[in-house]
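Worksheet for the structure shown next.
Chain nomenclature is as follows: A, B, C and D, assigned in order of appearance, with residue numbering initiated at 1 for each chain independently.
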Amino acid sequence: MKKPIRGIIPPLVTPLSDNDTLDIDGLERLIEHTILGGVHGIFILGTTGEFASLSYKVRHQLIEQTCKIVKGRIPVFAGISDSAFAESLSLARKASDCGADAVVLTPPYYFASGQPELLEYLKRIMVQMPLPLFIYNMPANTKVVFEPQTVLAASSIPGIIGMKDSSSDLAYFKQIQYLLRDRKDFSFLVGPEEFLSEFVLTGGHGGVNGGANMFPKLYVSLYNASVNRDFETIFKLQEKVMQISTTIYKVGHHSSSYLKGLKCALSVIGICGDFMAEPFHRFKEPERTKIRQHLEDLNYRELL
Amino acid sequence: MKKPIRGIIPPLVTPLSDNDTLDIDGLERLIEHTILGGVHGIFILGTTGEFASLSYKVRHQLIEQTCKIVKGRIPVFAGISDSAFAESLSLARKASDCGADAVVLTPPYYFASGQPELLEYLKRIMVQMPLPLFIYNMPANTKVVFEPQTVLAASSIPGIIGMKDSSSDLAYFKQIQYLLRDRKDFSFLVGPEEFLSEFVLTGGHGGVNGGANMFPKLYVSLYNASVNRDFETIFKLQEKVMQISTTIYKVGHHSSSYLKGLKCALSVIGICGDFMAEPFHRFKEPERTKIRQHLEDLNYRELL
Amino acid sequence: MKKPIRGIIPPLVTPLSDNDTLDIDGLERLIEHTILGGVHGIFILGTTGEFASLSYKVRHQLIEQTCKIVKGRIPVFAGISDSAFAESLSLARKASDCGADAVVLTPPYYFASGQPELLEYLKRIMVQMPLPLFIYNMPANTKVVFEPQTVLAASSIPGIIGMKDSSSDLAYFKQIQYLLRDRKDFSFLVGPEEFLSEFVLTGGHGGVNGGANMFPKLYVSLYNASVNRDFETIFKLQEKVMQISTTIYKVGHHSSSYLKGLKCALSVIGICGDFMAEPFHRFKEPERTKIRQHLEDLNYRELL
Amino acid sequence: MKKPIRGIIPPLVTPLSDNDTLDIDGLERLIEHTILGGVHGIFILGTTGEFASLSYKVRHQLIEQTCKIVKGRIPVFAGISDSAFAESLSLARKASDCGADAVVLTPPYYFASGQPELLEYLKRIMVQMPLPLFIYNMPANTKVVFEPQTVLAASSIPGIIGMKDSSSDLAYFKQIQYLLRDRKDFSFLVGPEEFLSEFVLTGGHGGVNGGANMFPKLYVSLYNASVNRDFETIFKLQEKVMQISTTIYKVGHHSSSYLKGLKCALSVIGICGDFMAEPFHRFKEPERTKIRQHLEDLNYRELL
């Protein structure tokens, strides 16, 4: 991989046929769909991939199957976040054995660590880490923020090559970019697709955007237009991205709306099923009808 | 077990000899120490037991070893909390196979579920649950509260026999006690030792108090005095409990102070080592010196 | 006033006839009702009194009218919490001029101060404070907790004579009681009525309980029973308190349910109107019908 | 004012000579400095202006003096946020009487209102509002977010002409921009200066950036470069903005660091004093020395 890593790297949903059973056919269709859409890599076992709800057996199997399907055509990033140090390392070794390219790690998410504890944790885990690592900031789920000074200190630990920020706090992420301005090989990727373009226009490296599961071409095109400062195209495509953000992700009443809407839409489109891991459950018919209507309003077939 | 379950049930710390290696000798000494101290049960793999930081291998091993050491002398409660449904069930089956008496479950703690999602999750997991279950409310770590109406609805799911509340919000827990006032067999246990006595004086069933790892007799005596409304003894013992709470648990700067202080004190006393699972690390000498002094100020030998 | 101050001190609702117009007749009826019910003092301009929603003119008027109506029969505590130092002092001077007995102060509630800033603020405001002062912990509204060590430091500032805690975190408040155990004249009062009894049984001094607006006798009797360790009476009365807590305070969907339910019930009972200051509005007929039914289920006439 | 309102509108600090005494000379220097720097308007009584810490007398005086000094040269926006409806209206009337151009309003910030309550509040206050109004989203201080659907509903209330978002959550603000895409006259202004450029590049209207108190030319130039898509200039100026963000605003330990740093820097530069309203206090010499050094590192004289 050329550093810094750039582009659209969808956080893959995990196709399931039952609460703890991988839908390998669905996974294959999804991966081929995103590769065909021109993505620059894929990220499995992220928040969008419901990683924390999957058993270890399934997480290991997903790493294996993904690497087998991808066959080196694009880089594979494997999430190894866990509340247990040993399980994170075990996932990292699996990823390495299967040929993944990098791993992605949040803070441990049951106990809230202080910043010095978090830095110490990173130092210790990196000693045994077999692959390059992205820091993954996701405070809504982990309760803990990687403070800018912690990232600055962590950036000098060998093996840490980038950061994905899903906090949606762009002022925060720009502070980190500035503090690490001399690390030209360090990659900055942003989660929320709503400001992918803004982020890339001023030097961000790309997006880990959930919508790219459905419409990889849309996000890849928006990324390219942003790199090229092609504002006409940016405005046209951003309109679609915002339409998705304010419709498909907003059916439902809980913080799970985004995940449920995304998986439901993938199922309506015919890419993979909408079975969700506990504690979530797929949308029932009334919500599914809304998702279908939102997709029609998008003229979604033209986006595929 | 006679219902409702009553008394002092310490949330056992997990003695470790390395980041993911159980210290079985330490575990044995700790268990014998608490049984000798008169506790009414023990709870392994709770927050105090650093469950979330342990690999699955170690969690399963801990269940096995604990049941083997206890040999049915007192009830064993096994924590099965996990972000993954399948892993919680796997821990529950292990607990059942090993002869544990009940299991204890928080909400899944990476994704924050809405209350209807949480109730649905409980219903689904209870279908396959091989042992009676305590609901475990721990919002500081899980981000999700079991709202009173959710507990009321959950209390009619077969197999749910009690609740442990570690929110420290006594108004909340008393609302739940009132809503479930007709469930005479439902057990209410409180985490924070600071108001164990208050809770038991007005009908609470007992405490899951971390300090009982160090001084089981103290907490058992306070429980008994509270049951007997022996106020003179209550005030005398509460003084000690509050001294512990405001000294041993308050060395250090992060939310881990309680855990680090407790494990350090156990090590000073000679019951088990103070090795902690990542992302935490044992106190260094300056903090250890403070803990030692706090123990001396307590006249801790008299409490053993 | 004899120190420490003890007993039931209702946080008075503020009867209004329009968004910023005091209902003085309603205020008089409410005050006479609580005095007749045997309360040990009244607290105006607290959270239950919607202080923050009232203009300064009305706040000053309320202090004046209350002192005039009470005429020294019981102590009057006046809330002086504000985001502006100068306005808090101005309210304190008004309270002093009108003959109030003490004032009550939260942290400034727009800017969140750090603990050293908070302590400094207390020191500076006390220099000019004309009346004794209670610290008022209300983190749900102010975002800032008075940490135990801050209260310990503050307790030696001349003029600070007690603390009201509405955090509902009894472990927290017991830590503060323990740290200040040598300050025999310092008063500890608790907001949540759900554990008034537990708090008083083990040495707490009383309650600032909203329900005592409606049923002062109930809370005074529960306080007395708790002081006397009369458990039979405690259990009987606590049943009523919990019934109120889980019905009248739980109609409605927002955090305003408590306030709206309380004011609506006062209006149904005939003590004062239910007009609320912006941003809240009184319950409409469907909710009012529920409140009326909850009051009937309580046999509320027997509680008056 | 031409709608939508565009450009750099600094949230003015409030120069004070004592805790509740306006420094009118400082105010005049500050206003002239920003007008000379080319700002498109000024916003008084915002968070940066410590509005909530000022007495009503001073707030009214500040409106009066500011309008007098500005003399119509640029639009004046007056903050009217308050916990009390009547005081907000009183401030709005003062602003109108003095010739201010618009007012700016957060949700009431002691009680947390639900979204329907918040919308109702806006409807009621707008009936009596004498000036056009900006919605001001500042959840870190008010605890309440204006949810996108609430803003959408509010945007059709006559008199609401724009929104300032200080949440730093750009995904959130872009959702609102999208939902209101047909309201061509509605103004979107962003608080955090760290992504002013990104926001303006894709259609945002401008920034309410604290740093423009010190260096109005810098922020105006960055705004202009962003409007003109002059990326070379953008990158050069953003470097300065990020340097300010990561140095001057980061001395100190509490959330007040930004405010203290800004006022201290203004004092070092010689524009106005650094006296702060309670509960904050100016930096002492060690912190001031750091600020001075940070300013030197910026070559700040070239930015004036």
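Before moving on, here are some points about what is shown:
We take it that contacts are C-beta pairs under 8 Å (C-beta built on N, C-alpha and C of every residue); 3 or more make two chains touch, one makes a residue touch a chain.
Computed from a predicted structure; not experimentally measured.
Using the contact threshold fixed earlier, the set of chains in contact with both chain A and chain D is empty.
Comparing each option in B-C, A-D or A-B with C-D by residue number, the pair that reproduces over half of the contacts is A-B.
Distance from the centre of chain B peaks at D, each centre being the average of the chain's Cα atoms. Centre-to-centre, using mean CA coordinates, chain B is 34 Å away from chain C. Annotation: 48 Å between the Cα-based centres of chain A and chain C.
Looking at chain B, one finds that none of its residues touch two or more other chains. Across the complex, chain A is touched by residues 19-20, 47, 50, 52-58, 83-87, 90, 107-114, 116-118, 120-121, 124-125, 140-143, 253-256, 277-281 of chain B.
Those residues of chain B lying in contact with chain C across their complex are 148, 168-172, 174-175, 177-179, 192, 194-195, 197-199, 201-203, 229, 231, 234-235, 238-239, 242-243, 245-246.
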